[in-house]
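Chains: A, B, C and D, in written order; residue numbering restarts at 1 for each.
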């Protein structure tokens, strides 16, 4: 396939396009669509087994897509509603715990803060309310309904000289969280995704996904903690954009793909209003995380 | 033509592709290619008459393209060399004056500083050395080889509520320049242009060119002053990107164009490293303008 | 007087300190104090005549101070309340008009956006909702309760080479407003003002006030339009800080002033958290202006 | 003493003022003054023993002050000369090593990047050339005269929820450096220091020094590696500013100090041009570090 996407929803569309004429279910994949309100749609894709994983090219687990029909063009109130929709889904994926002690969470903002389309993670993480130091220093000030939250923005290897996954593992040693919640910028297939889509997954992050910040995996297996990932598509591979746009026109798309591969001129592109996209979605994700982790404060 | 570009060099290539088999000169267009050094090529296109204008779709005048083979990846010394190459071309286009009084120049940084691919103009203009207030307030401190320079960054109409061209006309009334030197972000046809190309022209700026900041023309006719424009491509229309990438593959490109037009999903895209592109070329253009206008200080 | 302040409230305090023992009214000055809510106090000082003007060292007119007891440390809801308090005072000072046509306002963000303590004006103005282009281009989309607003951020003379007052006069020619609403950073006497105080006045801006961005006056007389100014103190002259802090200790303060003057080491200082102060108050002022001018949208 | 400073040079001046009449040497303190060139002075203070440490209130070790007479007002060439002067001093303090393997250095940018006067560390560290990943991934591309450099910007505890010292210790575990080179913003006594002074020391960083980013010490003892610190003063305690400014005037300064302490209104202030100060000195320090660590590339 010449099409690169981090969105399970797009992987599903691609699979369905590939077997035209057969609109039935995908074996090993359960899909559930919900309308949060008039403008916000929630699609929950569950990859149940290896057959489903092979079909969609992603590891088994939950992939939830929240689509904002009006993108970021709505009012502040619409953005807050989007944050509430994301929070409702995140909440269902939190690890169970007894009521005694607060949930311990390490929020990780992946990506390069100097490169706008890659800065979603650090920007969102930078607006998450950090509380671990309050638990450490002023225990009595920690409130009901407040998780114990630490934040790491590990940067990228070209800026630190250190493996991002190693820095995260060390922060896990310090903070000892129940949960790692990673925020990352994603690659999409369709340009219109950049302004409208949020994905949550509970399968961790694989090398080469997102904007490619991870060279090693970031999973429950590698970290010993549950890993949730929240992301927003901010980039498209130009060849993916071309094949997606002309897909319905070309009679022999695989030859076009081969032609593009031979030209070797693939570039990663982004929307020209990427500053506003990253600012808007960073705010939505930070709000969603705050509502999820600190329900006693943000509600 | 489904291909949009602000670069005369690309217009020339498109014209030549359109008459395949005939590699001769274009009537009404004179072309001169120069190698500044190993990595920097200068192409001077002169549209001499209406026939040339019709062929390239641009008004008669001079269009000079400076191409950096290695893009911004080189050292600081390479960037300085690029600035010197641009300055050498700008210098030839300055209005003649007697040696008595300093040249009066209004530098205009077009574009929206909040939108990175559109921020080239304000960023470059913000690093140009302003001297008009020195001439006004401390006349004696003005040095030999220093032009009398003022700078306007008029923003965009959506941010000011005022026509950009009107604001520039008013600044011309204040500063009374011999020359208006406008810096603007451009649209290109090929993605590889974004990191490598600078264009200088002496024909002013037409509505809809560049990233579309001007709704009215900015020309010698409209302002009563000579207008030089310096720009760097930072965006591509997605349909242009598609047609440019697959052009050599499609047997009936005009049908593909029609298909894309019907899909109606054209978006303006930019390179994912646009922050670094705009930072690097803003610095090169500001240096080039400083070397051109203040040779007594920057040399 | 060795003490510099742009706040009429501080001028009043200084005058009262200077006549210790006499706590009565100041001739030519009317004062009215109001509590907006528990945390927000509104002090309206009216300088009624030349005697009052001489006492406080400011031209006759209205000076309204809004003090936030908790500074910016409160919640988002507290900031919105502060914006409503400012809007209530601004509304009383708007020029009267018949109900037919919308109020025309030119908002001017004074100051240097590159110098944080001076960036309050451009930052606040940059978040004001601009509508004049909607009236010009899409008349029918202009809503009830929406003023016709344009915005100018003229920069500073060292960055433009042009007199700030001249640029504003030209923008007045373009936009033809009923009212000029200028936002500027101010100088205070007490360090604690920097995080807590907003001043509105209807007397325009004099050269040397604020952070010194104006070399010429910006008044109804100079512009031919009513001028409202809104400001927040962001800087203190170090000698003012010293005399204010030790004023109650020194037995011969005027000798200390003379000593400081001889040392000649006065510097302009600001709070070390100035980034957060400017961000927070810019947001409050922009909200206040939006509520005032567009009551049909922000209410 | 009511005077707070991180500069050994100011501690020495304070000690000397305290024993007026006796201009001799300070026991346990060796001082050596050098003129790098006309505008750059280098003062090397060596605290030799506990007596010297008690006199200056700092642990034994080397404290080198580089003073730029013209501050940042000079040309780019002057800034480069300042970087070379700093690099010459840093080089003398590097740990000895055999010629076989490259020096391994962890550069740590202390401070909060969102608070300009505290952002010197992250800004400078962000422009240091990172090379450790080149040694790891493309061994053969590592050049002669290039150290193996990693960079950590650990943020502040209020933003991460984790102890800064713990994060640094974990990065030391990852990178295994021979040397930790920390960059931090400092507190000075005299306002004029903010624009003119750089300090290098080899004694590590104590809790409460600098702008207070460290709650635990950062020393060879705590990290098991040699620690060099490079800093620039960016803030002053307002009470320190007052006492420093009026020190020569007050007959009973200790009573003034007591008065100020009772007022309890001490605030941390900074210069109103702090954006330009931090930008300029971050560049100088990054250049100095690059010249020191990568002499084969920057020379």
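Here is the rule we go by: a contact is a pair of C-beta atoms (placed from the backbone, for glycine too) under 8 Å apart; a residue touches a chain by one contact, two chains touch by 3 or more.
Just so we're clear, the structure is a prediction, and the values are computed from it rather than from any experiment.
Taking the CA centroid of subunit A as reference, the farthest chain centroid is that of C. Chain geometry summary: the mean Cα position of subunit A and that of subunit C are 44 Å apart.
Centroid to centroid, with C-alpha atoms defining each point, subunit A and subunit D lie 40 Å apart.
Chain contacts: subunit A has residues 114 touching two or more partner chains.
Taken as a contact graph, with one node per protein chain and an edge wherever two chains touch, the assembly forms a single closed ring in which every chain touches exactly two others.
Shown are all chain pairs that touch, namely A-B, A-D, B-C, C-D.
Across the interface of their complex, subunit A is touched by residues 114, 126, 130-133, 136, 148-153, 155, 157-163, 166-167, 170-171, 173-175 of subunit D.
Listing the residues of subunit A that touch subunit B in their complex gives 114-118, 191-192, 211, 235-236, 238-239, 241-242, 245-246, 248-249, 255-256, 259-260, 263, 265, 267-276.
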